[in-house]
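We just call them A, B, C, D and E in the order they show up, numbering each chain from 1.
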Amino acid sequence: MLTVDNLNQYYGGSHILRGLSFDVPLGKVTTLLGRNGVGKTTLLKTLMGLVPAASGKVTFGGADITRAPSHARVHAGIGFVPQGREIFPRLTVEENLLMGLASRPRGTPLPARIFDMFPVLRQMLGRRGGDLSGGQQQQLAIGRALAFGPRLLILDEPTEGIQPSIIKDIERAIRSLAETGEMAILLVEQYYDFARSLADQYLVMERGEIVMRGEGANMDADGVREALSV
Amino acid sequence: MRLPLPRLLCACALVLAFLVAPARAALDEASLAGLAGDFQSRLDTIEALGVAGGEDARRVLDALEAGALGVAGGRAVIVQGESVVAAANGEALALAASAVETLTVNNRVRRALGTARAALALASADRGERLAAARTLADNAGQSLLPLFERALANEADDEIRGVLARAAARVNLSSADPAQRLKAARALGESSDPAVKALLAALLEKQGDVWVEPNGEVRAAADMAIHAIDRRIATAETVGTLFSGLSLGSILLLAALGLAITYGVMGVINMAHGELLMVGAYATFLVQGLFRSYLPAYVDWYVAAAIPAAFLAAALVGVAMERLVLRHLYGRPLESLLATWGLSLVLIQGARVVFGPQNVELANPAWMSGGIELAAGVVLPWNRIVIVGFAVFVLLLIWLMMQKTRLGMFVRAVTQNRAMAGCVGVPTARVDTLAFAIGSGVAGLGGLALSQIANVGPAMGSGYIVDAFMVVVLGGVGQLAGAVWAALGLGIVAKFLEGWAGAVIAKILVLVFIIVFIQKRPQGIFALKGRFADS
Amino acid sequence: ADTIKVGVLHSLSGTMAISETALKNVALMTIEEINAAGGVMGKKLEPVVVDPASNWPLFAEKARQLISQDKVAAVFGCWTSVSRKSVNPVFKELNGLLFYPVQYEGEELEKNVFYTGAAPNQQAIPAVEYLMSAEGGGAKRFVLLGTDYVYPRTTNKILRAFLKSKGVAEADIMEDYTPFGHSDYQTIIAKIKKFAAEGKKTAVISTINGDSNVPFYKELGNAGLKATDVPVVAFSVGEEELRGVDTKPLVGHLAAWNYFMTLKNPENDAFAKKYKEWAKKNGVPNADTVVTNDPMEATYVGIYMWKQAVEKAKSTETDKVIAALGGQTFKAPSGFTLTMDKTNHHLHKPVYIGEVRGDGQFDVVWKTKEPIRAQPWSPFIAGNEGKQKL
Amino acid sequence: MSVVTDFERSAMESEDQRENWSGNASTSHVVEPGALDLSHNVILYLEDITVSFDGFRALNQLSLAIDAGELRCIIGPNGAGKTTMMDVITGKTRPDSGKAFFGQTIDLTRLTEPQIAHAGIGRKFQKPTIFEQHTAFENLELAMKADKRVRRTLFAQLFDDDRDRIAAVLTQIRLDREADRPAGLLSHGQKQWLEIGMLLMQEPKLLLLDEPVAGMTDDETERTAELFVSLAGKHSLVVVEHDMAFVEALGGKVTVLCEGSVLAEGDLAEVQEDPRVIEVYLGR
Amino acid sequence: MRTPLTLRILHSTPRAGWIALAVFAAITWIAVPVAHAVLAEAHPLHLSAYSVSLLGKILCYMVVAVAMDLIWGYAGILSLGHGLFFALGGYAFGMYLMRQIGRDGSYQSDLPDFMVFLDWKELPWYWAGSDSFLGTLLLVGAVPGLVAFAFGWFAFRSRIKGVYFSIITQALTYAAMLLFFRNETGFGGNNGFTDFKRILGYSITSPEMRATLFALSAALLMACLVLGRYLVTSRFGRVLAAIRDAESRVMFIGYNPLHYKLFMWTLSAVLCGLAGALYVPQVGIINPSEMSPANSIEIAVWVAVGGRGTLVGAVLGAGIVNLAKSWFTMSFPEYWPFFLGFLFIAVTLYLPDGVVGLWRRLRARPAAAPDAPPVPTVHRDARPVSAARSSAKDPAELPAVKGAEA
């Protein structure tokens, strides 16, 4: 589905992404792990077109999207849950969700699945996004990304601030989404157990490079947990 | 009533002529003799012509109005091209046109002419003409007109006209020698709402030395009651008038600010060139007026309607150019947008100066926007202001539809709140920006169109509104359309009530102080954004 | 040098550009005309145009620049009184020469300034006398309405004293001021209506400044105050200002000036024609509708008077020119031969009162028989007695 | 420099005035900075606190007491009111009703945010909030315990032991290499650490930590837990977290908040057994 | 170990800065006064009164720009009313100048002409003390300072921020302008004060006086720069910048933003007042249009052109814009607004950090890695990371943590 080839990225003078290459296949959950500040978020931003790639190539569904603007990537079918929630604080919860449908024609209804997954959002439809509690905002951000039915879902630490029961729900939901075979999922996660239980394949980043990769089932055996500690 | 002798004579002659001669007779030379006399006797003669009536009188008045009436050798004559005819009967005279001293028509003469024409029109078959005539005469009511009123009253069937005439007669009768007449007059005048009438009545209640001007106590009592009745009516009318003034000022502030409420309030561009977008709209209106005058003179009254799309588009196009060329590079740097748009405004003002000249250009109110509805004597709601209040509502509705009924409004807000994230949910942010700025600019253009009907249209017109516009948007609460509406109306009405009480300069100062104090109480404007995100 | 430099100090941007640009134009036209006729003492005039941008301190700075950097022999410029006040010290210090072409409030006499516009007794007082006369409608009550600055304030102070001397009671005078650029005259018009209705014949004397006039007259027209009922006589509204106004509702309202474009005399015909042609040739916007007005005429007269004085003095030295200026005469477009007073640096000027016509021009309804000497220090202000000379 | 002194004095005087204006001065406590009365060994005491937003009760008669030196964990569903509670304690949100005392004497509902901070309460926000334009070093310098009045900061200088202390904290939060970079450029997790570092510099008596380990790796979470445990005793800590492993590592008493009031309280093990807690929070 | 304050002030400005100041002082205190007052007019190096007063005026504007930058650039408070403080200082000094005219006015009265004319019989109370030079010096700082203090006290206490604050400052100056326009107010109405004659009995037009005023303006500017530099590099400056970026966070670590803002705000107003006082005798007039909102906006424009948040930038901005204006209005009287307008647009588009930003970029270019792509900015919201970027570029302008205590 998504192919990244020799991607490089700089901030000012410092080299943040160093020749990354990987695939995110359809129907699978790919998890990306790495310590703080290794460049995970930077990678996702590059994939979303928020920062221009210095060199390398990104293809999605066969099309080269390396230089495409963000909204074109969404129209192509990429949904994004950013780190830090990034909800629209002065739009209501409902409007925030409707924003998730920006790439769909006007009048497209919100899929009920969102509310099944996050019942609290239904109660809060009229409240402004910025007034929600941190965890509620995180749920909203996930709901928003799911609203238009993406073919690739990119999540940056989606469990941050969410209560355990809902993390379990999210886990189930992601699994079932992947299992339909119609969605590819790229998950950045610090929470090892969560990552491991979902991963079909995993990638570990270190200083802008992928230093380990493999089957999700082999994560423990490969010593990923140890690799993440100092 | 102390009248100078010639006036008295004239009046007598007049009354006599009126009573003796039926209205149809041709004018005799004597009745025009006054035209050769001093200024005052000219005026009297002119007024008398109206009272006398008849075709010949009309002809003389027409000639006067056209500047063709003159005197030659002590005789009233009319210049017709190169030839000269006697004014009284139209017979040709052997006189050169250059020998005639034509009468200057100045205001005073024009007033006499107006009275004369009204006197003529009192016999018109058309009700509207009679009513207007009666009103004109009532304002100038003098002893000399009393017989005319009485005759007209005798023939008049229409109640409204009768009322006007009766009050006019009463005004004259207030100085009648007969106490019964005066009492009747004082009572009749209680129906009026005209401050002039009040002044007449009040004069009766004064004392000269120890003596009352009005000796009769009963008449004084009636006058007193009448004054109270008039006062009440005037007070109500004035309050309504002031409220309307406030509403009108508010709607103008609103129209000046609405575009800014979008470009600044919603999009966050500190647009110092907003005033110049108003100017673009106003000049577009001016150009449309020019086109109508040249090509559709018959429909020139409708140029304002045709200017609505023109003003919108012209300003929107300028807005698009501004956005594409400059502002696009400045999103998220609101303070830089201040600097750039300040530069843009200099350029636009000077551009207008070079193209249209530094002077103001002339924009005429169409006939249907001229004049006004008279609520009471002295309180007039001008049509152009009424139309503009309506127009403000229309523009508001337009914006509301645009922001609420299309997704654009939501996209614009989302883009301003979080540009990057808006892109990441699929909003083409660049296009939304351009479109929104174009709409905001277009709305400013509509504001300019409205302003052109009230105030100056010139290169610097915009700079006069920019401060007010920002105050309205900010006072309402940035990004809150409804807030802008309340702020504009509130400021308008407060300003007008203060102005009536303290004068324009102090009122303006007080309004500004009011804004400063108000924001202390509501540091985020009327429609404050509450909530946790507001300050973190 | 083989040219003589002269300065033109008028705002070409900012709020005053509306009025002052035309003065710059007319100054350039006059200079061209003089050059075409051989210049002054055989030397061509070289205009130095600067833009003080309606900014009063900038006027002073630019004046200094003209005199001390560009070494101009004379400066033609300023419109508002405040701009004149701000340059006065500079002219005094550097002993320059300023020709000021606009009607003003008086209360000033500067050795280095020649006033070619009207003093109050050459405009305001005759206008009020006219209003009080039978022809003028015999007004008994007066509204003194102005923009809140020194010219209206002073003029109204003088008029008040004058009216008092004519037996008008305090209660019959209403005085009101609006801020610069005021554009909402609803309240004031309502007040005037009320005041006018309360008694005898009322007239309005307007010293409203240029820009506020359009909204003022629009409101006046729409509120139904006709010139025949309550005439307005304005001292700051001329042909140029009326270009921006729809004059239909204004017909009959009055203005008092020392010159109108409609005056019929050979000098004026030539003057108006020359200006039209100049405007066309120089690409002035809307050149086909340009008009001439009083301050333009005053500028024109001022430049010629200066020329004559230089020729008489055979020098451009300020003191010599000042000495030569007194008593200069010039046959002006106003139809009279105007004289520069020997002692008070003001022109003797005729006064005209005109009524607005539908086409934005004026019909003269009254005029003085001959030019009147200026009284810059109005006798209606206490303490001014015997102050008429430098 | 007399301008400065005059100014300072009048500013202080007006500050007093403000207190008078803000209500019945007679009943308000005199705040002696640093004079925290811990006579009953309770450092924080909340009673019947209610907060509502447009009719929605975010806190509903919440009562809570934290002992001096205690390490208390607060858990509870999203939207239970944990952050709002911290807002009330730090003066960001004024309760509709209820009491909030710091020690025995300091009435928190009457103090402004800076006064509360000055009295000895420090806070880490749920969403990391640091001074993005300042370097990591400066962030710590600003937070450092010191006289924070204008006059002092005008003439303040950094002494060697201050620098040493900052350097030590930078090492502790593993930002020594990023010391001179603007904090806005740090990654999410690094910002979390920086904020914890600021809190350490501030040396408050009571630390409020809202989700301190969100976005940290498991390894770092452990380190954080160790750090907090070491702080307890000398300081009192209130920690909000959803990470049960972390809560377990902290080992303190646990309070479960739900719909604005306390649902359960006790050891983690006890609480985890509570069916209501499982129902609303932990899930099955 | 405490370092003496003087030493710290010395350290707060880098050596290059001191050298620049010394050069500037030499020019403005020696070269210009000599060229104007000592050299004969015919001398090729003579500086005319026009140049000296023009430059003197610009020096005053530079002080205002620095004052504006301190409050806007460093405390993030955009004042659209700084013209008021400038004018108040100007008026305070103008009153003294009016009193110095004595009986040399047109009416030969002790009262200023405009008062005689409006029938005032005696000076209103608020003119008290205006005849004393020392009293005036006090007023020059105290009046703007007190107005700013009172206004700031209420506004900051109500936590008015951002545009809301900007707009009420604009309302304030606008209201003051209208008030001063009124003739009844007692400050000469629209005409304001002009036609000054003397300061301390010395003619205001003498070359010596001009040179003195010029040198004083330069001294004030230098003092402002050194003081400003010290403030922004002190911990106070860092707290202020922190308030600008995250006010509530600052409160939670125990600083009271009210006092910080109020101090800087008042100080900034006082500096403006001093500048206004020096401006008036040099341009020869003070009137209410100095308080017009447009004038205050222009002050912000100078700072933006030069580069917000850098003191040198404010100085450069004020200099460039005003010199450009003087030159354009002379050389292209009919088209200068185009030039100025395009200048502003170009600066924003091509010099996002003002003139100073350009200078830094030019200096930084050779050092930067040649293959590095432009710095991307992701969150370009109200408080952009890009701003962090701008202040991060040059360590010299970053609040210096080092140098200060060496």
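Everything that follows uses one rule, which is that a residue touches a chain if its C-beta (ideal position, glycine included) is under 8 Å from a C-beta of that chain, and two chains touch if they have at least 3 such contacts.
Quick caveat: nothing in here was measured; it's all calculated off a predicted structure.
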item: Joint neighbours of subunit C and subunit B, given as chain labels; value: E
item: Minimum number of chain-to-chain contact steps, subunit A to subunit D; value: 1
item: Contact distance in steps, from subunit C to subunit D; value: 2
item: Comparison of B-E and A-B by number of C-beta pairs in contact, larger one; value: B-E
item: Chain of greatest Cα-centre distance to subunit E; value: A
item: Closest chain to global C-alpha mean, per-chain Cα centroids; value: E
item: Length of the line joining the C-alpha centres of subunit A and subunit B, rounded to whole Å; value: 64
item: CA centroid of subunit A to CA centroid of subunit E, Å; value: 50
item: Length of the line joining the C-alpha centres of subunit C and subunit E, rounded to whole Å; value: 38
item: Distance from subunit E to subunit D - Cα centre to Cα centre, in angstrom; value: 41
item: Interface hub residues of subunit C, defined as touching at least two other chains; value: 12-13, 148, 179
item: Residues of subunit E whose C-beta touches two or more other chains; value: 178, 181-182, 248, 334, 337, 378, 389
item: Subunit B: positions in contact with at least two other chains; value: 349-350, 354, 418, 420, 505, 508, 531-532, 536
item: For the subunit E and subunit C complex, residues of the former touching the latter; value: 48-50, 53-54, 57, 106-107, 114, 116-118, 178, 181-183, 189-192, 194-196, 205, 283-285, 287, 289-290, 326, 329-330, 333-334, 336-337
item: Contacting residues of subunit B [partner subunit E, same complex]; value: 268, 270, 272, 326, 329-340, 342-347, 349-351, 354, 418-420, 463, 467, 470-471, 474-475, 478, 505, 508-509, 512-513, 515-516, 519-521, 523-525, 535-536
item: List of subunit D residues in touch with subunit E within their complex; value: 3-4, 7-8, 10-11, 14-15, 18, 90, 92, 112-114, 117-118, 122-123, 125, 129-135, 137-138, 141-143, 148-150, 153-160, 181-182, 184-185, 198, 202
item: Of all residues in subunit C, those that touch subunit E in their complex; value: 12-13, 49-53, 55-58, 60-62, 64-65, 68-69, 81-82, 85-86, 88-90, 93, 107-109, 148-150, 153-154, 157, 179-180, 381, 383
item: Footprint of subunit C on subunit B - complex, ascending; value: 39-40, 104, 106-108, 110-111, 114, 139, 194-196, 198-199, 238, 241-242, 245, 248-249, 252, 349-350, 353-365, 370-372, 374, 377-380, 382-385, 454-460, 464, 496, 499-500, 503-505, 508
